[in-house]
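Next come the structures, one after another.
Each of the next two complexes has chain A plus one other chain: chain B in the first, chain C in the second.
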Partner chain A sequence: MIIAKNLNKEFHNNIKAVNNLSFHINKGETVGLIGANGAGKTTLIKLISGLLKPDSGFVRIFEDNPLARKAKNGPFMGVVSGQRSSGTYDNGKGANTATLQEDLTVELNMELVKAIYRIPDDRYNKKLSKLTDALRLNSFMKYRVDQLSLGQRMRAEIAVVLLYEPELLILDEPFIGVDLIAKESIRQILQKMSKDKNTTIILTTHNVEEIEKICERVILIDKGSIVFNGSFDRIKYSHASINSLSAELTDKIPDMQDLPVTKYTIENKKITLWYDSKVISTKDLTAYILSQCKVKDLLIRKPTVEEIIRNIYEEDSE
Partner chain B sequence: MSTYIQFAAIKFRNNMAYRFEYIMGILNTVLSFLVYWCIYKALYGGANEIDGITFSMVTTNFIISLGLTNAFSKNEMFLQDKIKQGTIANELLKPVNFKFRMLFEDLGDGFFKVVFNFLPAVIIAMLFTEMMPPAGIFGFVLCLVSAVLGYIVLWYISFIVQTLAFWLFNVWGLITIKNVIVNIFSGALLPLWFMPQPVLNIIKFTPFDSIFFTPVQLYLGQLQGYEILLNFGRQVLWIAILYFIGELLWNKGIKRLIVQGG
Partner chain C sequence: MSKTIIDVQNISKIFKITKRKTGFKGALANIFHPEHEYKKAVNDISFNIKEGEMVGFIGPNGAGKSTTVKMLSGILYPDSGNINISGYIPHKQRKEYVANIGVVFGQKSQISWDLSPLDSYEVIKHIYKIPDKKYKENIERFTELLDMRKFINQPVRQLSLGQRMRADIAAALLHSPKIVFFDEPTIGIDVVGKEKIRSFIKTLNKTDNITMIFTTHDMQDIEKTCERLIIIDDGKKLYDGSLDAIKSNYVSSRIIEAEFEQLPEKIDIPYVTVSDVDKNRMKKVITFDTGKTSINSLMSTLLNNYSIKDISVKEPEIDAIISDIYQGKIIVH
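The block that comes next holds the complex of A and B.
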């Protein structure tokens, strides 16, 4: 459904925000985009949604150019951005999307969406009452958007997009300022949409945990390039033999120069070793450490997905 | 079409939610009437008429022009904000014509302000000024119709200046200049009856006098027979010309935007 091929985007300061990027997203997939600040996530989102034109390469959505698609007259794409304006101009009012109209009340914003997408009355009413409950919109339904707090605003914005049920939903940092309860209900709504309506969802966030709960697949980007593209299971599988050993020492630090570990850190009297158990077995490594120094405490565990991802980034930058 | 009527209705209802604002709006309009009334009172210095123009004609002119100016005022930085933030592209993705949506939303706003701001202010003004009653019910209806057309002329002038934001960093200065020009040449500040003939000859070739002056003349019953048709014709012609220019600038701007990116 979405095809990106050899995308390039360079900004005026000669920074390649997106560097020869290609990927493919099928209909109904839920994909998480992960990357550090400045990795090119938002630029990529803007390229996909047609807010930016690539220097070279192309994006096709349902075989169309994002802007040409609009002519086909349907609620096909919804974009929610929790980021503050990242353009050249910032009015300090926050979210940089056109999903909500600042000077209208939340209620009338909903009706505006109803008018734009010609949603029939009965479907609108059913959908609205569901979203109002799930996102607890009642308390600020009659407020103008520019009077809302950041969290209320995000909830309203997500509600507006979910109201017209686009085929492709792009969420750029949607959980900024959203409390835990609302976060959970948004997560449930998204999972339900993806299951029932086969909605394609692209989500970016810094928080890996959030992505892991919603998305099947993850694309890691760094400095404008893809460093990993695959399912969460594959991440775990490909790093299944990676383990971490932490030891708290009482006296000297052992010589680790010749150990075949992927990396190690020393912090005061605590060392942490990352190693591949196919290269050096846990038994051998533990025996070596124990023979070299006095150990107060020892912990061996599998890394979390977040740590694996951090490792992938570090491997990439080496 | 019904979709666009809904846009106007939504804006209209949004105004209803903010009653305090419209009470202050009436007060604001009445106060500006009072200031102008005092100025013209002093200028006339007790005389009943100057150059054949009576004090009540002048009063009627500025009450209608200023009242409509206030009712028709809107956020003219709207387009610039959308362009600078890049959210304009998001608007283009929606399955409605963005310009018509903008127009109809403003019409909804304008209609609200005419009903709940302009009309109450005019009724209050009639109590303390020499404002004349309309020249018959027919003249009043014609005045309302031409006020709507005048609004669309004014709207497109504003739209054209706003679209320049595609090329300029800030259009605020241009909008201010545009507002001064509209105020002077539309007869809102100084009735066009007092303008010297050479200036009038120039104004005849501009859209400005069809904004407020045509409704005023219809209200006063100064236009007869074919003159009425001629004036309506001029309003419609200007809407067509301005629409065409607006469309041209808009399409060029959008192309430029897509080439440059948000």
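The block that comes next holds the complex of A and C.
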């Protein structure tokens, strides 16, 4: 659905924000875009959504069946951006997209989108009540946008874009300032759209765990280039093998002298072992511990994706 | 025992909000007979914070967090109740009071867009009349601790978000405040930047005995920095205590993630729920309550009766726990 080939974009300060980047995304895919601050994510998003023109290379976006699409179906693409760009940085609160009209109420903003894209009444009402429930818009539906808190505003913005059900949804930091409940509902909505409507989703956020829950594929960007493109499982297998196991025991402490573990500690009735799963498998180690003693509580911890990503960034910057 | 530095008693704040009506008639009515709604943003909240404590202040959007923090920092006055911070009444003795506090907003910056951080610091030095010696010392330390040497002379507009935030934090601390408010200091910042900020905040809290109040939606921030947690919702205090206490008192479920070598037969164990992770069904998530099922026998059963490739055991995520508290699925007191 999206093909990007040899994309380049340079800014005035001679920083190559996007450097010879190529990738493709199929219809219905959910792709997470991860990178450190300044890696070029937002520039890339702007190139894909047509807000910026590449210096060289191209982005092509294909529709399944463009002829079937009529004005009443709304635009093909929806963009939500939580990241404030440097230019609008001082204007108080709010995102840099013009999705919401500052001096209208949330309700009027919805009506506006309905009128612009000629969404039929029944569909609009159904969709609106669903979104209102899921994103808890009721408490501030009648407030003007400039009176909203950041999290409320973000939720309203997402609702406006989801109102017309775009086939391609681009979300740049949509969780900024959003509380845990709303985050969960946004996640559920996205998962449902991807499953039921086969919506293509591109998501950037520093909340790596959220990406892991929503996206099948991750593209890792550093200094304008792709450093990794694949599934989370692949990233985990190739980068993480140091695990830890901690157990609270009822009585006897097992003999751990001869275990091929990196390190272990004993603290009252609690033992913690760090080990490399390539040297001893979690299964074997757990089986051994269970055969030696009785555990009251047990935790087996693998590195989280966030930790892995952090390691990758840190390796890069050294 | 350290002494109480922040004493908040039964504070409330009510806002008047204009209700807008739609349509032409509505627009006229808005002008001539505006309708107002009164909202209790903060409803009878009390707490004490001791000198050197580090407190996480959390709640859903619209819970009253920002309003409370604004009252604590003297920007808003409470409609009722008393606030006493280090002997000051914030909104009454504002000028004297603010010399004692620092405020960091993740959303707004106090350093100038066109100047370098160092130039902005010079300005702050004059505003707060910071003595030369102390100023130099602080700059030295913060540059080191926040890893700012590389960009301290670059105009702020050229900095990445993470760098700018670090510069901002240093700016708020230059005058050696006794109390610092952090309002979402890690918002929009990448995982490395977040770690740097968290560890800096933690270090400073320990070494300088600064009292800190931290609002955020990122539960990792809380888990990694704060020993004490105040949860508010709907303008009221829901919980005041440690995160560990929530975990040990209210959360007894565990989550096993198991990857099987071959498709397992139906796993049928009382009180244990099993669900698939993906389409090929080789990975399962097994949820159970340690109060009802012994983890020892469950793990033994799994390891002995099934061919398992990989396994892990987790506690529920804090995000999920806190979200359950917000939604009243877990009742804390």
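One rule holds in what follows: the second predicted complex is superposed on the first by the 228 of 318 C-alpha atoms of A that agree within 3 Å, B and C clash if a C-alpha of one lies under 4 Å from a C-alpha of the other, contacts with A are read in each partner's own complex, and residues count from 1 in each chain.
Note that a residue touches a chain if its C-beta (ideal position, glycine included) is under 8 Å from a C-beta of that chain, and two chains touch if they have at least 3 such contacts.
Small disclaimer: the values here were computed from a predicted structure and weren't measured.
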Touching partner for A:F140 - first (chain B), second (chain C), both, neither: second
First, second, both or neither for A:L299, with chain B first and chain C second: second
Chain B versus chain C as contact partner of A:T286, first or second or both or neither: second
First, second, both or neither for A:L108, with chain B first and chain C second: both
Chain B versus chain C as contact partner of A:D179, first or second or both or neither: second
Chain B versus chain C as contact partner of A:K16, first or second or both or neither: neither
Partner touching more residues of chain A, whether chain B or chain C: C
Partner chain in contact with A:A36 - chain B first, chain C second, else both or neither: second
Those residues of chain A which chain B touches in one complex and chain C touches in the other: 89, 105, 108, 111, 142, 144
Contacting residues of chain B [partner chain A, same complex]: 3, 6-7, 10-11, 13-14, 17-18, 75, 81-82, 84-96, 101, 258-262
Interfacial residue positions of chain A with respect to chain B in the complex: 9, 46, 49-53, 66-67, 69-70, 73-75, 77, 79, 85, 87-89, 91, 96-99, 103-105, 108, 111-112, 115-118, 142, 144
Chain A-touching residues of chain C, taken from the complex the two chains share: 17, 19-20, 22, 59-63, 66, 107-109, 113, 157-158, 160-163, 184, 187-195, 217-220, 254, 290, 295-296, 299-300, 303, 308-315, 317, 319, 322-323, 326-327
Complex contacts: residues of chain A adjacent to chain C: 13, 35-38, 82-83, 86, 89-90, 92-93, 105, 107-108, 111, 139-140, 142-144, 147, 149-152, 155, 173, 176-184, 206-209, 243, 277, 281-283, 286-287, 290, 294-302, 306, 309-310, 313-314, 317
